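These are the structures in question, set out in turn.
Note that chain A is present in both complexes that follow, paired respectively with chain B and with chain C.
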Partner chain A sequence: MAKFVLKRVLALIPVVIGISFIIFAIMNLTPGEPARLILGPYASQSDVETFNQAMGIEGNFWERYLNYMKGVLTGDFGISYRTQNDVLAELVARIPCTLILATGAAAIMVLIGIPVGIISAIKQYSILDYSSMFMALLFTSVPGFWLGIMLMLLFSLQLEWLPATGVESWLSYILPCITLAAAFVASLIRITRSSMLEIIRQDYIRTAYAKGASEKRVVMKHVLRNAMLPVVTVVGINFAIMMGGAIVTESVFALPGVGTLLITSVRMKDIPVVMAVVMFVAVVIGIINLLVDLAYAYIDPRIKSKYSARKR
Partner chain B sequence: MKKSFLIKLAVLLLAMMMLFTACGGGGGGSTSAEENHLNFGLTGEPVSMDPSIGNEQNSWQVHYQIFDTLIFRANDGTYEPRLAEDWEVADDGMELTFYLRDDVTFHNGEKFTAEDVKYTVERLLESPYTSDIVIGIKGAEVIDDYTVKIVMEHPYGAILDCIAEVNFSIVCKSAVEADEAGFARNPVGTGPYKFESWSTGEKIEVTAFDDYYRGRTSIDGITFRIMNDTSTAAIALERGELDILPRVALTDKNSLTENENIAWYETDLAGSTFVVFNYQNGPFSKPEVRAAVSHAIDKEAVLEGASEGQGTVLETVLPPACFGYSEDFKGAEYDLEKAKELLAEAGYPDGFTAVLKTNEDPLYYKPAEIIQGQLSQIGINLELERMERGAFFTDAYGGNFDIAVFNTTCPVPDADSILHFYFHSSQIEAGCNLGYVDNPEFDALLTEAQRSTDSEERLELYYKANEIARDDGIYVPLYATKAAIAASKDLKGVEADPIYKCYVYDFSW
Partner chain C sequence: MDDRILSIKNLHVKYENDEMTVYAVNGIDLEVRRGETVGLVGETGAGKTTTAFAVMGLLPKKIGSISEGEIILGDIDITHATEADMRLLRGNKISMIFQDPMTSLNPLITVGDQIGEVLELHRKEMDKEEREKRVDALLELVGLPAERKTEYPHQFSGGMKQRIVIAMALACEPELLIADEPTTALDVTIQAQVLDMMTGLKAKLGTAIILITHDLGVVAETCDKVAIMYAGEIIEFGSLEDIFAGEKHHPYTVGLFGSIPSMEENVQRLKPINGLMPDPCNLPSGCKFHARCPRATEKCRTCIPEKFEEQGHIIYCHLFNENTEKEV
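Showing the complex of A and B:
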């Protein structure tokens, strides 16, 4: 098992290097000079050159990429073109907020998505099933920025229950977490429902009922556990996306997270920051996928034995 | 067993929701007046607290509070003393002597002296961010502890406006020298507020500086809250999470003015939106074609469509808030027949096709779309190319376009900062003369106006320059939008400003 984990972690390295190269190439080879965007309209050509020299934005593309990666290996992610601050410090300062947001949203997603999915599956074609499927469709279709503003108008401005912005207390995270979870809860409901339905039709479920087991016991013990694999996968993928892609939610609720840092940096072509954020997200996604795989082993003993078999 | 767990969970959730209801009521709407604090909305994260780096609005909003300039420019064009009690400009405009106050201390307790001014000037001269405010400046000389002389390479008509600009804020020499890189995140100035902390992406805190030389400020502290989304900022203002929001979106005017707790202040922005041409190549290199375009654009309609009518139609590229603006100047009148005639004269009786480049910012693409429609009436078919911001600016500064809509604000409210930078031939390639405009007669007037120190004479020269620009079709002026500030009604002393200058020192609850 330990060897399996180590292998997977090592496999992340080429992935991150590959991604870093692609992003570096896209950011450097697409039109748009960072100096022009950052120095403003009145900068003269010599100002642009001074800036490029100071920031090391000159010379051969390959040389620059190698220099950058050399820095990364020693833990030096460079300084931001825009603010002249240490990139790593800027990124690290943003992680807690995004982590709280993603965890909160994932919790809401799981607490709503799985139970609703189970109920829909058990009561297939009932009013409950139709209405939960309808709600699922509705929430996936509603854009995040709209939902966020509407929640804010209702709960902050009209009812005055919750703050609209800021991160001073945990209350501030409630609306953003709901907004973020809304987009993802639908896929979880659907995947829970369909994988439950698939299992319910299996012979061994019929056997369990034939043995006289209660519905509660059959659903909880036989169906749910077997239906869990795809559900865990979706939870993992959604959580990973939330860690890197909560841009809209963070902007709408003025949260100081990784997403807002990414969007500002992309707009200003602040290449060192974009690189660091993207690599961070890549690593997070890699780690979460690994955790999902480990969860498989816990849920399904057959998979666990496969992992262990690789030991030899 | 598992079902009972779900039930417990549901009960827990319900209890939590009831808890929010219970404690939420008191949370909202608390006014900052009670605690004498100000929540100040920024529309994005400031770049830097170092005045030689932070050359954008969000940085300036904080700089206004923690730094001081030598002099202050009021909106009527007069100057008031700040760190300099008095100043003299030599008759030939080659030397400016500033007599400094001797009772000023920095936030770290150091005394403010002429050395700090000299050091500040030298840093600005070196910085690639601030070349627009050191035009003509050669250097600074310390005469004695409280007298400093700024020496010029050539006289510059708007030099006092530059010195009053916020990037010309005086920094503490010893603090910068101790940690230059750290200064951007831990600034030391002489302003009414001293810097406390900066939580990246979230907020900046400053508190009143007790030894401020003009007397302690009335509001004890300011929290600058970073709001990337303007709708969110407007909601936060309505809820009382913000007390003031300079640079509020004009589209929020209706909803905010309906709220009785909010006051809306607006004035003409010191900035303008205009059409630029490729002066050297393509169909627009012919003066008749450019003139035809200037007669074919209905500016009122562009203003109405692009900015919901909030703004002022311009006759020259200069907005009313800029020195050099003349109320009686008349630009090209809207006349489609004349436009068609001019186009025929230029050899395009049936019109032609060209590319109109713009970017994803509504300040650019909205007017561009309307102009595309208007010019099709005289047979000029423009293909609208909506580009990514960075790519657009690279093409624009590289002269790689046929026709484009451009937008600028001028922190130094002087004709020179638009006309010289955007249209003088010396700025081709070296600066932002986008269309590579090269008109020697126009150049000569601009240079003369730039170097003159007589404001009457300068006004006349700019009037003449604008006539040439109109006749040669160097640009087509469109409009200046409004600069608005929204604030809590209880906050006193707030005024709209053409470049959103906002001194909390002047406010009180």
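Showing the complex of A and C:
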């Protein structure tokens, strides 16, 4: 198993290199000079040249890419064109905010999505099922920015219970977490429900009933664990998306997270920052996928034996 | 002395949804005595498995229901038992072996725990250690090494899985074991092993068995009595000798035997029964077999045949009723 984990971690390296190249190419080969964007339209040619020299924007594309990658290997991600700060420091400063947001939203997603999906499947075609399906449809259909603004209007302006934007205390995270979680809750309800319904139809569930087990016992002992495989995948993917792309939510609530950093950097063609953020997201997704696979092996002995067979 | 374990009287089962009603079982009578093996034979769709599910109380909820008749197990009327009462019977007094061993076991639970679950449910007085011992004994009983109980279903072959399913069904030494095509999914050598084992276990434990199959070879090897089902009815019932060596037969039974290749005669072609089983949503009038019967008369189309009985050999066919009328 340890070897499997090591292999998977090592497999991340070519992925990250590939992604870094693609993003570097896109950022450099598309029109628009960072210096012109940052210094403004009235900057003189000599100002632009000084800027380029200071930021190391020299030589052809390959030279620049290799220079950049050399820096990355020694832990130097360069300095931001926009703020002149160290990129790594800037990124690290943004991570806690995104991490809290994503973890909070994931917790809401799991705590609501899975139980509602389970109940919905067990009581298929009941009022509970129909209302949870309606809720799921509603949550997927409502755009995040609109929901965020509505929540802000209600809880911040009308009731004055929670702060509207920025980060003052943990209270500031409540509305963003709900906003971010909404659409993911909906997808998790649906996947849990359909996965449960799929398993309930299996022969071994009938076997369990034939043993004299009660419905409650059959569901708890036989259906749930089997139904969790696709659910774990979706939870993992959703969490990865939240870590890398909560751009709308972070923008609406003006949170200093990774998403807002990425969007401002892309706008200003702040290439070193964009590169660092994208590689960070790639690594996070890779690690989450690995954790999902490990969870699979924990749940399903068939998958576990496959992993250990590879070890031999 | 009454050694009847199961008696089914005039059982009707139907499946209903918004669009249609399927009449799966239409008035069958069946008795099973202690230590007896009764074969339930018929084509796919004859209502064999539905009968088994009705006895187990495992008809699909909301769709399937017993519309008439009664099933009495020992002294309990299953048709009026509550779900909680049924739970106490299932796996304990009656248990069932399903058709496909590949999918009958939970892939995520060790086989030992799956066998142990039956004991956990019905032998609450046993502590963990006793349970483990019993699981070991059950695995040995079906010819599997006890130390493999910590393995998962995917680590066993099909025949072994079926043995595990059988061990599970026998855990509480049930009075009645319903085996729904236990050998259909297995290859021939394993089939023989599993059948031998079931016959041996019957002798050892005195369990009565209802063996559902469409394989007459299996019936000849294992059964004491045979019921031939067609379109939700038992059209012929008798001892193994009555069915295999008797002189009088329902034309459907004759047809079934005609569909098996014979070793003695050198026939060029098999004689299949022409046509298909009638649509269970829209059953024909009179004898349900009349459309496919080579000896059907006008009477068969309109009148439901009466029971003809000769020393326990029961046939529902107009051919024999006329004979009896003549004889009387």
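To be clear about the criterion, the second predicted complex is superposed on the first by the 312 of 312 C-alpha atoms of A that agree within 3 Å, B and C clash if a C-alpha of one lies under 4 Å from a C-alpha of the other, contacts with A are read in each partner's own complex, and residues count from 1 in each chain.
Here, contacts are C-beta pairs under 8 Å (C-beta built on N, C-alpha and C of every residue); 3 or more make two chains touch, one makes a residue touch a chain.
Everything quoted here is computed from the prediction, not taken from an experiment.
Undergrad: Quick check on the chain A-based superposition: chain B and chain C, clash or fit?
TA: With chain A aligned, chain B clears chain C, so fit.
Undergrad: According to the stated criteria, A:Y209 is in contact with first (chain B), second (chain C), both, or neither; which is it?
TA: Second partner only.
Undergrad: So, A:H222: does it touch chain B (first), chain C (second), both, or neither?
TA: After superposing on A, A:H222 lies in contact with chain C but is clear of chain B.
Undergrad: Check whether A:L157 is in contact with chain B, with chain C, with both or with neither, and answer first, second, both or neither.
TA: In the superposition, A:L157 contacts chain B only.
Undergrad: Taking the superposition as given, does A:D47 touch the first partner, chain B, the second, chain C, both, or neither?
TA: After superposing on A, A:D47 lies in contact with chain B but is clear of chain C.
Undergrad: Going by the contact rule set out at the top, does A:A254 touch chain B (first), chain C (second), both, or neither?
TA: In the superposition, A:A254 touches chain B alone.
Undergrad: According to the stated criteria, A:R190 is in contact with first (chain B), second (chain C), both, or neither; which is it?
TA: In the superposition, A:R190 contacts neither chain B nor chain C.
Undergrad: Figure out whether A:L39 sits in contact with chain B (first) or chain C (second), or with both, or with neither.
TA: Touch status of A:L39: first partner only.
Undergrad: After superposition on the shared chain, which partner residues are touched by A:D300: those of chain B (first), chain C (second), both, or neither?
TA: In the superposition, A:D300 touches chain C alone.
Undergrad: If you count the residues of chain A that each partner touches, which comes out higher, chain B or chain C?
TA: Of the two chains, more chain A residues are contacted by B.
Undergrad: Which value, in Å, gives the least CA distance between chain B and chain C in the superposed three-chain arrangement?
TA: Checking C-alpha atoms only, chain B sits 16 Å from chain C at its nearest point.
Undergrad: Between chain B and chain C, which residues of chain A are contacted by each of them?
TA: Correct list for chain A: none, the interfaces share no residue.
Undergrad: Across the complex, what residues on chain B touch chain A?
TA: It comes out as residues 2-3, 6, 9, 13, 20-21, 23-25, 27-29, 44-45, 47-48, 53, 55-56, 128-129, 131-132, 181, 184-185, 199-202, 225-229, 231-233, 235-236, 238-239, 241, 388-391, 393-395, 397, 408, 417, 421, 427, 429-432.
Undergrad: In the complex, go through chain A and note every residue touching chain C.
TA: Contacts found on chain A: 202-204, 206-214, 221-222, 225-226, 299-302, 305.
Undergrad: Taking the complex as given, what residues does chain A use to touch chain B?
TA: By the definition above, chain A touches chain B via 30-48, 50-51, 54, 82-85, 90, 93-94, 97, 111, 115, 145, 149, 152-153, 156-157, 159-167, 171, 174, 216, 220, 250-257, 260-261, 263-264, 267, 269.
Undergrad: State the interface residues of chain C toward chain A in the complex, per the touch definition above.
TA: Interface residues on the chain C side: 56, 58, 87-92, 95-96, 98, 100, 103-109, 117-118, 121-122, 152, 154-155, 165, 168.
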